[in-house]
Amino acid sequence: MEGLEVRGLSKNFGGLIVSENINFDLQPGDRKALIGPNGAGKSTFANLVTGILTPSSGTIRFDGQSIEGLGEAQRVKLGIAKTFQVTTLFVKMTVRENLRLPVLERMGVGLRMFRRADGNAGVEAEVDALLAQFDLTELADLPVSDLAYGQQRLVELALTLALKPRVLILDEPAAGVPSSETHLITDAIANLPENLAVLIIEHDMDLVFKVAQSIVVLVQGRILTEGTPSQIAANAQVRELYLGGGHD
Amino acid sequence: MKSYIGPIGLILLGIMLFFLFPYNLAFATRIIIMVVFVLSLDLILGYAGIATLGQGAMYGAGAYVAGLFAIHIWADPFAGLIAGATAGAALALVSGFVLMRTTGLTLIMLTIAVASICHEIANRARDITGGADGLRGIRMDPILGLYEFDFIGIAGYWYAFGVAAIVFAFLMILVRSPFGLALRGIHESPERMAAIGAPVYWRRLMAYVLGGTIAGIAGALTAQISQLVSLETFAFALSAEAMIMVILGGMGRLYGAVIGTVVFMWVHHTAAANDPFNWLFVIGALVLAVVFFLPSGLISMPTSLSRLLKGGSNGRS
Amino acid sequence: MGLLLNIIVDGLAYGMILFMIAVGLSVTMGLMRVVNLAHGGFAMIGGALAHVFGPQMGLGFLPTLILAIAGTIAIAMPLERILYRRIYGFGELQQVLATIGLTFLMIATVNWWLGSTLLAVEMPEVLNQTVDLGFRTLPAHRIAVILLGLAVIAGLWVLLDRTRFGLRLRAAVDNRAIASAHGINTDRIYMIAFGLGAGLAALGGIMGAELLPIDAYYPLRYMVLFLIVVAVGGLGSILGSFLAAIGLGILETATRYLVPEWSTIVFFVLVITLLAIRPRGIMGKA
């Protein structure tokens, strides 16, 4: 069975239950959003799927293979990748270098010691393509710290795509991005490869409704409900719980 | 053309040192050997970001093994270099298995602990290492069978310089490679490196082993040229001074390691000649000055100065 | 049996000394997140001042002790204000470097002022005797140190648990930003905590002068030891430093008695093993 299959996933820290009995599927081509109040356990779920956290119980299967025992780096090699909620880039390096590293790693040449890092034509071509795709070409040789926050989020997205993942988890891609720059994120997400399985964790409901085919609502570590955007928008429980207060 | 200025500058520096100390080549040679040692630290600390105050362990291991190798097995200089390099690498590998799982204060503590253990072992194994009296009687065969290690130290100096040049060239290639880029990545953000599928632990271990190998080479040089290995090679003071040298010069720049070493040893030589304790005042003040005024090291002085002259914050790039 | 008792008594006394000296370091590193390699210098300064007031100027033990500790605090608090405060935001390595530089200056100053030989610190006569417990006689000094150490940890517990200052200090350790937002003057807390730690180090240095002799190179020679206590105990944890200090004190004493040839090696191997298993220390936040 292709894609991500999560069954009965639970996580507790001592007595504190942060995820409880989560069942979740993500197929190639899906555009799912995970929403819920603060502290619902959305980022925890993402960390469990990518291997940053180990589950207390439950199974995670990818393409039919169980992956709970695999570490983060191994899951990346299988094709599961995530962007971070707080931008995590190599801020002292240039944009180009930030994109070069994941490509080098993916191609398995990260250990090479005797060639130049920028000397591989294939790698450089991929980097150039990504820069063009995200409209970052002009900024390519600037240190990431010089970029506006919205642009940094784009670099993070580009960096993650450089891994050619099959499952992409976006952890609050628009968080902290000024409203003037949000369209950059929305457009970039809309242009993601079609057969990529995408899960977006977000508070920004505009973005969610623009991009998601289906929405999963997480409350206190448990899935409350799942449905199409219109179903969720109409759901009284969800409205009361979450949408009532207006947009972030 | 620009990229040749550096290497040419280094060669000129080597020639200059040779002529500056015609009657004290031992000192000039010590500088060269320290440069190699500090370069190993720059790789580990400056590039990979592994905080260590125990690099002397690999240096000492290389020195003792190379010395013992020359005395008991074969006194060829290059064979001795390989012996020393292997010793440094082996110690780094064994200790690194445990150490690379840790960071921060714990890591620093463990590196000091390893060096202290080596110090104690060398102290206790008196029959082999000479204990507190040091390992003596190291007589080297001529280099390549041709150049004898003469009393004045000319052969020794150029031998050390040659080795240092090769090590520097190797490191220059390494830091520009994918591996070098990955090390910088690990230094900046281990989380991000793990998130792009890089096995952070194994890369750090490899960097640590490479650094240990180079430190072992530096130790071998010291054994071969000064013909004596003392417990001081394992002393905390040496590792601490090496860290000061690399931070003084500027970390993660390779040239910074060279500059820092030369400046530090020259100041040491001058100040300590008067009074060993005056030296501590000078170095204490120097270190504090660097931390507050030149955090990126001496190598950043031209940039800092020009920024200063352009009018402070206006000069921000 | 007699040997075991000797090890325990000597080890406990040694551990109490280590605790008194290292607890300030643990608090500083946990609270201000500063790697302070110069902390041993305060123990040395305490010992040096005690040498001046006692053997040199001939004052009695109690005045010497009080003046030496007060003098150390009087030096430490301005140092916090002038130097340490500036390096709180610096990277770890910069802090290591700055405090190494400070250590060198401390060593050079003491050497310039008092020379490079051992500085004698006199204990009161009553402590130089032995105490007869019926089944054994024990050195009074060791017993006094153990009782003093217990008094210190009890006092610290009272301070932290029962006073407003302690409450604020714990708040500041937990989360500086929030503490500050609640109106707690974190600057002053830091300075007082720093001074307190330095004063305790001075006390430990003076009382422990028999075990850790005072001379100009004291901070460098024993720095590793204090850092090990803090690392094993867990940064910021007073109880952790206490347990670590006692444990390491007894361990070091035991190895010295039982395997004198290899004591240092065994000691370090055990420390490495411990830190490899629990990198954050006994009471460190996992």
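Letters are used for the chains, namely A, B and C, taken in the order the chains are written, and counting of residues starts over at 1 for each.
The working rule: a contact is a pair of C-beta atoms (placed from the backbone, for glycine too) under 8 Å apart; a residue touches a chain by one contact, two chains touch by 3 or more.
Keep in mind that what you see is a predicted model, and the values were worked out from it rather than measured.
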Topology of the chain contact graph, where touching chains are joined (line, ring, star, complete, other): line
Chain whose Cα centroid lies nearest the overall Cα centroid: B
Label of the chain whose CA centroid is most distant from the centroid of chain C: A
Interchain centroid distance [CA atoms averaged], chain B/chain C, Å: 33
Chain A and chain C, separation of their C-alpha mean positions in angstrom: 48
Separation of chain A from chain B, taking each centre as the mean of its C-alpha atoms, in whole Å: 42
Contacts with two or more other chains, residues of chain A listed in rising order: none
Residues of chain A touching chain B in the complex: 50, 72-74, 76-77, 81-82, 84, 88-93, 97, 100-102, 104-106, 109-117, 159-160, 162-163
Residues of chain C defined as touching chain B within the complex: 29, 35, 86-87, 90, 92-94, 96-98, 100-105, 107-108, 111-112, 116, 216, 220, 224, 227-228, 230-231, 235, 261-262, 264-265, 268-269, 271-272, 275-276, 279-281
Complex interface listing, chain B residues touching chain C: 45, 51, 53, 98, 101-106, 108-110, 112-114, 116-117, 120-121, 124, 236-237, 240, 243-244, 247, 251, 277-278, 280-281, 283-288, 290-292, 295
Touch list for chain B against partner chain A, complex: 173-174, 176-182, 184-185, 188-189, 191-200, 203, 206
